[in-house]
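Each in structure tokens, the structures are laid out below.
Both complexes shown next keep chain A, but they swap its partner, so chain B is in the first and chain C is in the second.
Let's turn to the complex of A and B:
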């Protein structure tokens, strides 16, 4: 068996640690490029959401590299993601690819198929102590890749040489692929944080702060969202991303594990959106409110074009933006998105935020009081 | 108390149920008028630009009721089938109306009806919560729901017999039956609103065909046909569309000549299940002609007519040339 899986930022690093120790040979898809997108767009339903197309492109590219088994997860809706695997399986069948499509779906769609998928995905070694150890390690690695990305977003506007920042972080992510134990991971963490601390700073303190909210794939996968966070960072903006695969996974296994972050966001969203509407719709609303409370200057809302939960969020965010006086830039991404248009919009957004900030400052000086914030 | 029901989305499914339930509780029900240009314009102006056309239409209807009623009736129909959902936009519908039009929370009846996990209990508790807005007498609510469900069953039965929602709601004339038939797939709020679907049923009828819609197929038939999929989707109405299509795939019914699938351009569920329907039709030996018609606020009537006419020509041609390939009906 030569198994493959969809890309999601650094998920391949974590799975690259997990699978070999389960005795499963993996063929990761090549990194997402324009070609991946073209392949996906060609064979996917025209009006399907963008992540379905990109991940279909991943599968086909991996099959062409020799993968014969696909690992994919399903879902319970109402977001379309939970039905991706079924559609992709039918498409690959019609294209004549002879691959085994292992689809791990919620047990409510059949306990037996759930167990057999789980067995296939773990090489039948689910409960060996060694597996628990490796699973913990790969989860910790995934968590650390997210921490690194958080540092990258926060530091880009503060360091003298952003390229050096990228070198340190990309170097560590490469090194993570060879980590064997939690102790090695800890050592790598310490040394990386020291390196990051040692990067010369540019001394700026009054940078704009922008939060990113949105759908879990598009808001994180920098290879399809035109790396909006780098774009913002290069414009001198401090960026925070509320979206996280780790939180997503933790939340999936509730009530066994819970994501405090998500529950908090859901609570905050309640006055505007009373319930879960699938995907990350309610998280986008809650996180935007949290950014408003934390004094961020603006929010960028990233989602696939026609994404159902995020469109509900978008409608609701108009009220949030008004009530909290917080500008929100909505960016819908699909294969037709052009980089130039997106860059122009982001730059204009940053200009607006900059001007608002200056005006607020001047207003404060004139009034001589801090009460008007 | 006057309560307004916007004429859109699930209204076409639950018209009889909602109206009877509210009236039994002593509420004066106001239904927004049939769609027209002005109503839809409100939805386009105040809606979210990327939201699907039927939601914009719904928002337009909700807007026209504002100020004319004491409350809007937008129950949160999370699920009306075990283990399934409605689409996220229906889940968030009351919140959209509240936030986009800045309506007070109390002025929207948005109690949740959710059968996904708890089946009929979720149904009853939802309507109980709605009823308690108007009365403290739970028995009265139970009685009202009982009568409403009876009206609902009658409404559904009429639909199954071949009536369209418009025949029953607005008493529009019924089209006479044609021998040749087209399976017209689509959500009830698209098929039921002849303004936004540009009179598609009439147009198909004028071309010499009767339509069979998912509402006309018994639910048991639909669910049985759906079982050929390893996993059906989690959207009830989309499943009914797939099941309807599947139930005709292997039928040796000489009168059914093709499938027309009417979808709104940004419909998430149909973007996936439409693909399933199309691919499963193509896999069959007797591959029915299949036409997907996407509509939104920019769709022109002329283009729609041209495509329908071309499709009818194709069905006729196929029928004439491939008749020998068709399974012969067994002699009685």
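Let's turn to the complex of A and C:
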């Protein structure tokens, strides 16, 4: 068996540790490029959402490199994601690729199929202590890649040389692929954080703060969302991303696991959206409210064009934006998105936030002098 | 006398504004970009040079528009700003209590919401040409009406005809259908203007409150048929202002921004840049499957600026080395990329 899986930011780093230890040979898809997107767009239904197309491109590129088994997660719910695996399996069959498709669904939709998928994904050795150890390590690695990206977003506007920041973080992510134990991981964490602390700062303190909310794939995968977070960082903005694969996994397999972050966001969203609308719809609303409370200057909402849950969230966010006086920029992404238009909108959004901030400062001063007189 | 230059290089037209410290426009011009922004920039600079007043000195330059970075490098800009900010600044300067800006240009349209002189929200249509000047121009060609006469013709219509305006392709077939039903040109032109207004409101204003005064600007604001169609849409209840300088608002905004942000020493390259030999080229980098289209601005054989490198390996320095190694074989394309929308009949 030569297994492959879809890319999602640094998921391949964690799975690259997990699978070989289980005795499963893996063929990771090559990095997402324009070619991946073109392949996916060519063979996917035109109306399918963008993540389906890109992950289909991943699969085909991996099969061309020798993969014969695909690991994919499924789901049931208002979001079309639940069907991805099935549709992709049929498309690959129609194209004449002979691959085995292993779909992992939540156990509540069938304990037996869950266990058999899990068994296939763990090389048949489901309950060995070694598996528990490796699974914990891979999960810790995944969590650390997300911490690294959080540092990258927060520090880009604060360091003198953003390219040096990228070199430190990208270097650590490469080093993570060779980590064998939790102890090694801890050592790498410590040394990386020291390096990040040592990066010369530009001394800026009054930067704008922007939060990112949206659909789990588009909001995270910088190779398809035109790297909006880097664009913002280069404009001098402190960025935080509320979307996380770790939290997504913890939440998906509830109640076996739970994501405190997500539950908190759902609670915050309640006055606006009580019902599960699929995908990350509620999270987008809840996280935006959290950003408003934490004093962020604006929110960027990223989602695939035609994404139903996020379109519901978009409607609700207009009320949230008004009530909390927090500007929200909605960006729908698909293969037809033009970079120039996106850059223009992000730049204009940052100008809006900057001018609002200045106005507020001026307003405060004015009020201050009034109260004294 | 201290003067400021604003340059707006759009996909269809290029605009220049020469402004003094009181934000008064001393000279302006409106040219066709015709797919060659460098030639348009030179032509505009020549025009402005001839209209420089005695003792005038350029103290700051601002550029905007889709080719703002290219223009910034060639002319030497102190500030390079997006079109939304530039248009909003000009509208606020012209009409201080403005609350909404409609801007319809050649290939995109914008709606800007302004409260207390600050941009509060905006929407921009960049996906489809239905709802932009290109749409009207395309249909004017079909109807064999000069675009300058288009607006006047619409005002002559005694009744209007409803045309589906969501997509240019559908609009075209619907228009032919209405012609075959026997409607006259004037009615059809009026119908097209109304379709464009509906399209603009549906696409950009969704959920946003349109408050007046509204400033209507951009090239399409010259079209009286469009102004009337907007008035009719709001039932004559909203105040719509078309400023006399509606065509060059972006360039004016860029000049105002240049004055606000101008450093001690301007980066302006002087009017002599028209004598210099610039060339914009592009090549596809095939080092990885990303196949980035790298756009290179050359002065003589020196690479002056470069755009489009996703991984960051391409800089003017590395490109110069590569050009020297491989000669001119890399310069496979010479046009400036504008549109990647393949399913659209107008763009494709």
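One rule holds in what follows: the second predicted complex is superposed on the first by the 363 of 373 C-alpha atoms of A that agree within 3 Å, B and C clash if a C-alpha of one lies under 4 Å from a C-alpha of the other, contacts with A are read in each partner's own complex, and residues count from 1 in each chain.
Going forward, contacts are C-beta pairs under 8 Å (C-beta built on N, C-alpha and C of every residue); 3 or more make two chains touch, one makes a residue touch a chain.
As the structure is a computational prediction, the values presented were derived from the model and not from experiment.
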Combined model on chain A: chain C and chain B, fit or clash: fit
Which superposed partner A:109 touches (first chain B, second chain C, both, neither): first
Partner chain(s) touched by A:173 [first = chain B, second = chain C, both, neither]: neither
First, second, both or neither for A:318, with chain B first and chain C second: both
Per-residue touch tally on chain A - higher for chain B or for chain C: B
Inter-chain angle, chain B to chain C through the CA centre of chain A, in degrees rounded to a multiple of 10: 80
Contacts of A:352 with chain B and chain C, given as first, second, both or neither: second
Contacts of A:78 with chain B and chain C, given as first, second, both or neither: first
First, second, both or neither for A:239, with chain B first and chain C second: neither
First (chain B), second (chain C), both or neither touched by A:35: second
Where chain B and chain C come nearest after superposition, their Cα distance in Å: 5
Interface residues of chain A shared between complexes with chain B and chain C: 315, 318
Chain A partner contacts - residues on chain C that touch it in the complex: 66, 81-85, 108, 116, 118-122, 124, 126-127, 207, 288-292, 312, 339-343
Of all residues in chain A, those that touch chain C in their complex: 30, 33-36, 163, 315, 318, 327, 336, 338, 340-341, 343-345, 347-348, 351-352, 355-356, 359
Contact set on chain A toward chain B in their complex: 45-49, 52, 74, 76-80, 82-83, 86-87, 90-91, 94, 105, 108-109, 113, 272-279, 281, 305-309, 311-312, 314-316, 318-319, 332
In the complex, chain B residues that touch chain A: 47-48, 50-51, 76, 78, 83-89, 91-92, 94-96, 99-100, 102, 110, 112, 229-231, 233-235, 265-269, 271-272, 274-276, 279, 283, 294
